[in-house]
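Below is one structure. I have some questions about it.
Going in written order, the chains are labelled A, B, C, D, E, F, G, H, I, J, K and L, and every chain counts its residues from 1.
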């Protein structure tokens, strides 16, 4: 089972962000946690501040991966290009947010990219990422099962 | 680890609802799946069409449970009473939706109850419930850990 | 032909309400009128101030009735739970209002429950109820006819 | 008892419209149904695509008719002229729509003409017309009764 | 002079709520204060999380009480049923809020129930309740006076 | 205990205003009532049609008074200057309205000055003023008490 | 000096309209008043319920008249066609309303046709028409003067 | 016949304002024009940049004048105090604007003061003032006539 | 190949309109251009200021023409009747505007009629018409081709 | 005659997009069609998912091309940078959309980039591109003509 | 070089305002700083809580000063009178705010007065004033230079 | 003292932009002016049309510079990514605009990036840049001073 984990703008700087809102996010620790908790999943990690590069990764994802997890950061609320790319990408897709977007500024309350993913998970800080991996593995397994029938 | 799973109005009728939107939700199967996947969690299941009964359950939850999972159904978008009850309830809380609320009618796009939970999970049909149990167990474990320190 | 007539909050107090807006509604007289005008229809009358009880009645209606008439009162404009219950209820459904909701306060102009009924009738005071019975009997007859073919 | 039935723009083309939304509307059949169901009502049928002609018919209606039934079509949502004409017309008035306007596009959800009629009936396809005739006959009878006293 | 004091959802939990916003509300102390400050008023205290039960209490109030004080909690901003019940209730009515609703979230800024009471008092924490009793006693006395003339 | 009672634009003309909305406000009578009901309070009465003069009075109030009562009239809904002055004024503050602002024109429904007072009282006609004096005396006493501790 | 006075939909029925809002409008009397008060103005009177006919009259007006007075009735608020026709018509133009549109329903508060006339006069009942004739004669005289120079 | 002509903020500087929008307004010339055109009217001219002074003038107007003409300038769109003062002033009132407010910035399109005057005249530059005097004299005469009967 | 070219209100006056916005539109020249550039297309030209007449032409178009081009003028933004007529008309349809509606007043930015045509062309002045004929010929050819297969 | 054809994000994936909305777009076929239909036009084709690269291409276009055709995809509705670049680019510009944007989601109904192009063409699937080339060639020819005079 | 520095309502109380938002504003210190940093500028300082007095100062400024700096306080967001006065004042004008208005309450985000100044400076606390003096001196010098040429 | 000056999309083309709005911006001249006026500041100049590159520059700025000046161009109004990057960047930050954004199109009136800078300067054309350098040097000096204490 092969998954790509995409992170959008400014998520390379998580350590310096507001701890109360985003939690005590230690990238290495979270990658270790994912690796130990989901040993059956091989995953690639990609972060970019560029909408363009994220769009390209999404366009190519179905060739290389069984599922896609994305934290689009600020692009969730404004990028129609990202939304269009995700809509065209026909593999299981989970959107994930560290903070609870329903309790933040009005312009962050609605995600236009989430509406073209299978679903989304928001607010559990680093646990959001674990839940996303848990969910994508379930979605992929179920799809495999239904394809076999 | 003891958890309560609350379901709001009309969720007793899931079988007859739109399959494409809500998935092929078979209550017994999902309860079996939860039981087998999360053997360390004891959980109570409660469904009610009454806002009042849900408010009361939430008010009493901290006395009896380590965590709370709620699918408030249509009340997510209109019940300030439910929101106030959840805000006062100081245990880990996960809101869950079978359908992807960000891709439905405008009046379902914003959940006013989700903003006072730790976070929410939306759109993965029956897998939403599994992800919610996965998440609540992580939240409870982490809280236990931080309390011990 | 068996029909249930549901009345929402405060409709038990109709006599004391604004006569100009709601007409001179005398419950016994209107029940007598229905009985004499629609002798072929057996109907149950149920009024409740509780959203919960109305939801439950709607959920069970298809087992016992051929059609449903509902005056949701103030719940027409805010209850997503009632809307969801009506949407799941697959028998002919008529929403009815004594007053003309299109000429009242802005928050009463749009009924979110009417949109999931077959249609609605608004403004004719007690005659609204007679028209609702006339309509439901036509809808049931037609459905019976088309089922036979 | 003499009634005029007015139909606004495009209602001359009903047969070619969306069957699911408007029903299988066969003008001759519906006129026959009305005639047989309401033998005591004499009625004139008038359809026009012209706001002007409808306004004139409404202005003259009280001289010739005891009641007025109107399906203003698309003019329901935009014609202040039609609204003003109806407001000035002091005989029983019923607005009728084949489709359920509360479940259609936003710009069709509010009828500015309905608010100056006694009430309106929406969504029952050809049965809407029968219910309108049923209602207008009740309104006229009641008015006659109250005038006599 | 007999008064009913109604409290809506979650007001049974006041002690655990945000002290800065709601003040140090000790129910027994406030009831004692009312009793000692307003010895001429006999009052019944009723709290419910159920919109239904509050509607029923309001409907019956005029039979048993000279005046009504209500803190509808979160229902102030959304319950048309409560509003309709209050509008039909023809005794002096005072709405009361512990917190200053004009300085809270946007969805709490407008009370649709206050507009059908004589008036409302908001923001003085436990003193709001004392002011409400002061006001209702003035309203009842004045009404008695004007009835006598 | 020393209090200032400020009245904004047009409140010098109360006698000629709409009786149904504002009550039978007789300034001398109300001042007598306050004097006799609250003998322990010394108060100054100041009315002005000038935003400027009201701002100045508010700025100086903490030097001379223990509490402030204000009926800002039409300025409640538009004067940011008055709001800023009130926000800077650190003594107990009560906003008062004769009419029930929640039931008037939309532009009067939200008071931007009330949100920086302790709270507000609206709708009880001349009794609003009595309730404001009752409330301010409670607020001042309580503050004195907490300062002593 | 030659002027055309255009009246839009339903203004042929003024006598039966709401007297308080539109005044005691007696067409013959007003025409007599205009004739006696403005003996130097020759004017044609034209009323139509048809947007089309009004557009045509406006298109031809500059060939036959020195000025145009129009009461577009309900079309003021919705007819872009009338607005476009008026904008293209390069003679002095006065819009007139019997009622005060700034104090009526929201949808009547803004006139999209007035913005392309020289100006408008609203609210003085039959005196609005006299003021319009007074104004158009001033506008025409001034234009003549400035053309001569 | 005695009339007061009030001018609001910045109308003392008309000569320096935009000529295309406000016309070639020469105060002396317009006063001469009024004097020569309306010899039967005695009028006082008052300009102030102070809302306060305008409110006071309006409050006292009924004692000294038969009618009031006001150009509130920018206050038309924001001053609720001015609106309240005008509403309380029970003599004929005409609001006047030099520019056509329906064709300017959105925040100038609606006048909240005009809605409590008899009516308003907007857009005819200096002729607006003449038309206002013409109108007020008609209103006063008519009122005198109806008082005599 | 037979096409009808419909033009809405005021398009008979194009020569006198704003040249910068609409271009130097010379009707004869444009008809000559169309004739010479599209010799294989026979077309009828129809202009009307009447919504009614346009609706009728559209209703009959499928009987006589292979395609329809329409410039609805101001009706694009408000006429639901025109929209309904176009929606029912099942031949290739192109909406065309001389000016670029996306850069004009807000009320002209959205065309409700364009949404039920195949598409629309806006902003190229007289070239818009040529492009519309180019497009309709392509649409008709393609439809013919696909019908043949 | 030299033209650049720019395509924005995700237009490299057209084949996999929704056929009903975007048509059966075969890039090679459409390029062949353009080449054969417009032999006098030399054109460059450029697609990018990067706003940055598109901005740069537009900035340089006037140096190398006589005209520009752009399908900005999702950027039409949100990119102010693209809009600013287009506004500064002084050669004939045509915006083109495969789908009919006036009939899609609300956030796609208004194009902020189209308002700074000469005009736009929307909804004709691959024929939109042909029409764009037809139009640009007309615009360039006309400009050349007017430059020569 | 002579400049006037105007300060609006409540800016006389800066010392008592929120330090975090407005900085540690010590009026004497800031005046000393301005004097020492800008020795070539003579300036008058004027603060008023009265819109009227500010309007008058602005109207007279061009006679006495080369430039104007204004901090309108709360009037920035509501006073059309101040805006009109500033628009008519043809000398260099700089608006200044101590706090960053783009990060405060919604009703403070847009300044209607700034739009008629040359520009505005917001958020740098006392440094905002220094930057305003720096800017006004540059604007005046440049204007002098361009006048000389 | 080391500062970075960032310029967003299209600011490389300033010379060709609207002179009235942006002034006669000559990049070399402005850089010379900055150099001669602020000899103590070393600054790097960076312009990019790419949101991505700007985000990266901002992320790295605190390592290399004492302060940051940014003119985000069109990205001010839409880029949440840029806003997030700026919020995380803890050095003095000044946003600058050549044109007065409060007097331009509505979509340019609010800057979402300015709200996370110390403040912003808008409207003074090339002088905006000088004022920004003046301000940043003050901010850096003051910070250094407060760090030393």
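Quick notes on this one:
To be clear about the criterion, a residue touches a chain if its C-beta (ideal position, glycine included) is under 8 Å from a C-beta of that chain, and two chains touch if they have at least 3 such contacts.
No experiment lies behind these values; they were computed from the predicted model shown.
Touching chain D and chain E together: C. The minimum number of touch steps separating chain I from chain L is 2. Looking at chain C and chain L, not one chain touches each of them.
Superposing the C-alpha atoms of chain G onto chain I requires a rotation of 120 degrees, rounded to the nearest 5. The centroid of the Cα atoms in chain A and the matching centroid in chain J are 33 Å apart.
Averaged C-alpha coordinates give centres for chain H and chain L that are 48 Å from one another.
The distance from the centre of chain A to the centre of chain F, with each centre set as the mean of the Cα atoms, comes to 54 Å.
Listed for chain I are residues 50-52, 78, 112, each touching two or more other chains. In this structure, the chains touch in the following pairs: A-B, A-J, A-L, B-C, B-E, C-D, C-E, D-G, D-I, E-F, F-H, F-K, G-H, G-I, H-K, I-J, J-L, K-L.
On chain D, the positions that touch chain I within their shared complex are 8-10, 12-13, 16-17, 48-53, 73-75, 77-78, 107-108. If you check the complex, the residues on chain I that touch chain D are 50-52, 55-56, 59, 78-81, 83-85, 88, 112. Interface of chain C with chain D (complex): residues 94, 100, 102-103, 109-112, 114-124, 127-128, 130-131, 134-135, 138-139, 142.
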